[in-house]
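Each of the next two complexes has chain A plus one more chain, namely chain B in the first and chain C in the second.
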Partner chain A sequence: MRKRKDIEMSELAQGAVQQVVAAFLNKHDAGLHPAPDDELFASGAVNSLFAIELVGFLEFRYGIKFTVDDLDLNNFASLRRIAETVRAKQAASAGAA
Partner chain B sequence: MENLLTEAEAGHHREVLSSVGATWAADSRTWERDERLPEEVVAWCSAEGLLGAMIPREYGGLGWSAVELGLLYEALGRVSASLASLVNVHGMVAQTLVRWGSGRQREELLPELAAGRKVAAVSMTERQAGSDLSRIETTLTGQGSGHVLDGTKLYTTFGQRADLYLVYARAAGGPVWCLLDRTSPGLTISPVTGLLGLRAAQVARVDMRGCPIEPDAVVGKPGFAQSILLPHTLEHGRYAVAWMAVGMLSSALASCSAAVLERRAFGHALVEYGQIQNIVTAMGVDLEAARALCVQASRALAAGDPTSTRRVLMAKYFACQALERHAAQAVQAMGARGALEDEGASRIYRDAKVLNIIEGTPQLLERLLTPQIAREAAGPSWDDGLPGTGSHGRKG
Partner chain C sequence: MADAPWTGAMDVSPAAEERADEVSVEETPDAFGPVGVVGAGEIGLGVAADLALNGFRVVLVDNDSARLAAAATNLVKVIRFAPMLRPGFPTGPASAVAAVTATADPAELASCRFVVENVTERWQAKREAHRALDAVLPEDAVVAVNTSSIPISELASETVRAEHVIGMHFMNPPYLTSAVEVMRPAAASERTLGRVETLARLLRKKTIVVGDFPGFVSNRISHLFLNEAARVVAEHGVPPKIVDQVFRDCFGHRMGPLQTADLIGLDTVVDTLDRLREATGDPRFESCELLRSMVGEGRLGRKSTSGFYTYE
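Here is the complex of A and B:
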């Protein structure tokens, strides 16, 4: 079982990822201020050229590499889901290292 | 350009230039006339490993870096845009599989592509779908192992020669990339001839009537082809075409320069006239600018920098338009000699127009780039309806 402290750390880290992604979205489109659970792709807020830059940004910023197995809309649906996906990828690559 | 490259990169460039140039520079003239790239050229590319230049070593490729690959396209472009296009379309398929293929697709297909045992081509464009690929009508339908492809793709570069096609199709969960083998039942390949340029690129029309497709022939997952896979496929193509254009412009400048240095009129060498100086200087400076944009795109790609997508778009946008403008001027400055096929500039002039159509027209690239350029330039205050009040607009 995970310790309470670990869980808090993890929540903090996820919040930080959400902030970084929100800032990136906002730089792309100053009108974009999504809440953590707002739909990004389904709402059309994020277009196709931007989707590829977002994937590139996440890989670059967090030192991860998405593969075909990560291609699931749920993984990128909202700021919260993106942060969870990034953290899971980081944990997996740390475990593999 | 050597000032933009490391010593090792410059050495690599000299090597590919001499290898490609020494082998094919003389023959390339006949390829366009015959509207076909001889099989010995494809075999040479395979033997040299060039069809695997963009594929990692673990799959039998050369695993070249972005800049090394770019310099290959530049060297190929100097000799023949058609030859460069063979490596490009094959590379687009390889790149898509390297990045988004399943483990099985990568293990089974990449070694075949790297060794040139299979030549791959991309089938995207249709009668009603070019820049706007959301309009494609080719479908992948069925259930389980009973899927079939139906539709017609026009203008598949090297479609006459390919063994494997990456086909963009509509499916239940959104568009998909789908692998189609040349031996598939229901597949008809017809040559498209009489093209303005890239005449040796063996363009084909691809007709699919109930071509059976195994479930593992779909690359990526439905719903991601348009937003993630297609941009990666096209990024390779745009990067290749940008570098190719730099090589072609360099050849046009060489032909034009030799002619204006040699030819005399009204008592002087042509190069001494202001009108000719205008042509040659603009060509030389734009060539340097195009090289710088291409190297910048290479560096961004190598670093995994997320701005690489737009840097590639910018390089393609500038290099291809500069090429078209200057190829026309090169022919002009050379006079009747410029119109001769063997003098080099006329073919570049024809191919230049085609390069501004394939892998994204300037009009499409503007559509993609403008929002990003404008929003960033206007700064964060754009949101408040105060464009131009970003960092550059402050007083003081």
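Here is the complex of A and C:
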């Protein structure tokens, strides 16, 4: 079982990832201010090709590498999903190290 | 333009429905045989990726050793994202990468009865590539010229296979687009058009047949607004994302013109405008100073680190 402190840390880290991604989206399109659960691709807020830039940015920013299985638009559907995907990847690579 | 004149008016081909019964319905990528892809630049790699993901074996040829060396890595990059952006490919990414053989030797195309030529948008380069193909291809092999501005009839007349040469304009990235613009010159045979239609169907694409005139339908029109969008940035200081936002949000376009220019590659945009300027004699196609200076600085768009936008 995870300790309360770990859960709080994890929520904090997720919030930080969401902020970084929100800033990246904003750079792409000044009018974009999505809420954490707003659909990014399904809503048409961003073009699906933007996923390539987003994934490239996340890999560069967080030093992670997504596998083909990770590359599913559902994993990048909203700010919250993106943050969960990044954190899971970071945890997996930390565990593997 | 002395070395690449456009001849005559539009060649209107008969409607696809009239030939539907001549097309083999059950043909598979295996039966179709390996497809040659000449040119491992941005669009050539995209075409190779699309073919491989759809179950074709591909022979990818480029005479530039640096580009060929980078092809394997770049191909993985392209193929990696395809299933995410367009689910449902019959071939997985690893098998797709393995289905592509990259080589500097055009002789390896001898087994291909269909070739997509993606050489840079310059007349001399295209002509040399087609002469090299004549030396190695089976007599009845179909050669599809992937171009946005080179006259197909003139290129075909430089070859020994004019009836097997046709234009096929793939949009970037090919795996994501649901149609291909087909330019049929007067000399191209029914069989040639039939092979193109079969290939397109196996790539899950529609064909839209247009005439063989400068810029065809797509670029004759699109490059005017790509150029004009760059002028709006240069002359009025409008940020690129604002220009693009108007096209996306007001017109409902999937992408704005400057995003599109970055995706095509600004060098290719300038080359295409040059070809259109030469072919039509129309100063509207004169590429604007901003585009030229960005190309001079190596800011080519998505394939480099920056264009109208920055890429990490």
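Basically, the second predicted complex is superposed on the first by the 95 of 97 C-alpha atoms of A that agree within 3 Å, B and C clash if a C-alpha of one lies under 4 Å from a C-alpha of the other, contacts with A are read in each partner's own complex, and residues count from 1 in each chain.
Please note the rule applied: a contact is a pair of C-beta atoms (placed from the backbone, for glycine too) under 8 Å apart; a residue touches a chain by one contact, two chains touch by 3 or more.
None of the values given here were measured: they were computed from a predicted structure.
Overlaying the two complexes via chain A brings chain B and chain C into a clash. Once the two complexes are laid over each other on the shared chain, residue contacts for A:Ile52 go to chain B and to chain C alike. Of the two partner chains placed by the overlay, neither chain B nor chain C lies in contact with A:Gln19. In the superposed model, A:Leu73 lies in contact with both chain B and chain C. Once chain A of one complex is fitted onto chain A of the other, the partner contacts of A:Ser93 are absent, as it touches neither chain B nor chain C. In the overlay built on chain A, none of the stretches 261-269, 333-341 or 369-377 of chain B clash with chain C except 369-377. Once the two complexes are overlaid on chain A, the chain A residues touched by chain B in the first and by chain C in the second are 28-31, 48-49, 51-53, 55-57, 60, 68, 71-73. Note for the complex: chain C touches chain A at residues 80-81, 83-85, 92-94, 173, 176, 241-242, 245, 248-249, 254-255, 259, 263, 309, 311-312.
Of all the residues in chain B, the ones that touch chain A in their complex are 100-102, 219-221, 223-224, 226-228, 230-232, 235, 303-310, 368, 371-372, 375-376, 380, 382-383. Chain contact summary for the complex, chain A toward chain C: residues 28-31, 47-49, 51-53, 55-57, 60-61, 68, 71-73.
The part of chain A that touches chain B in the complex is made up of residues 27-31, 41, 48-49, 51-57, 59-60, 67-68, 71-73.
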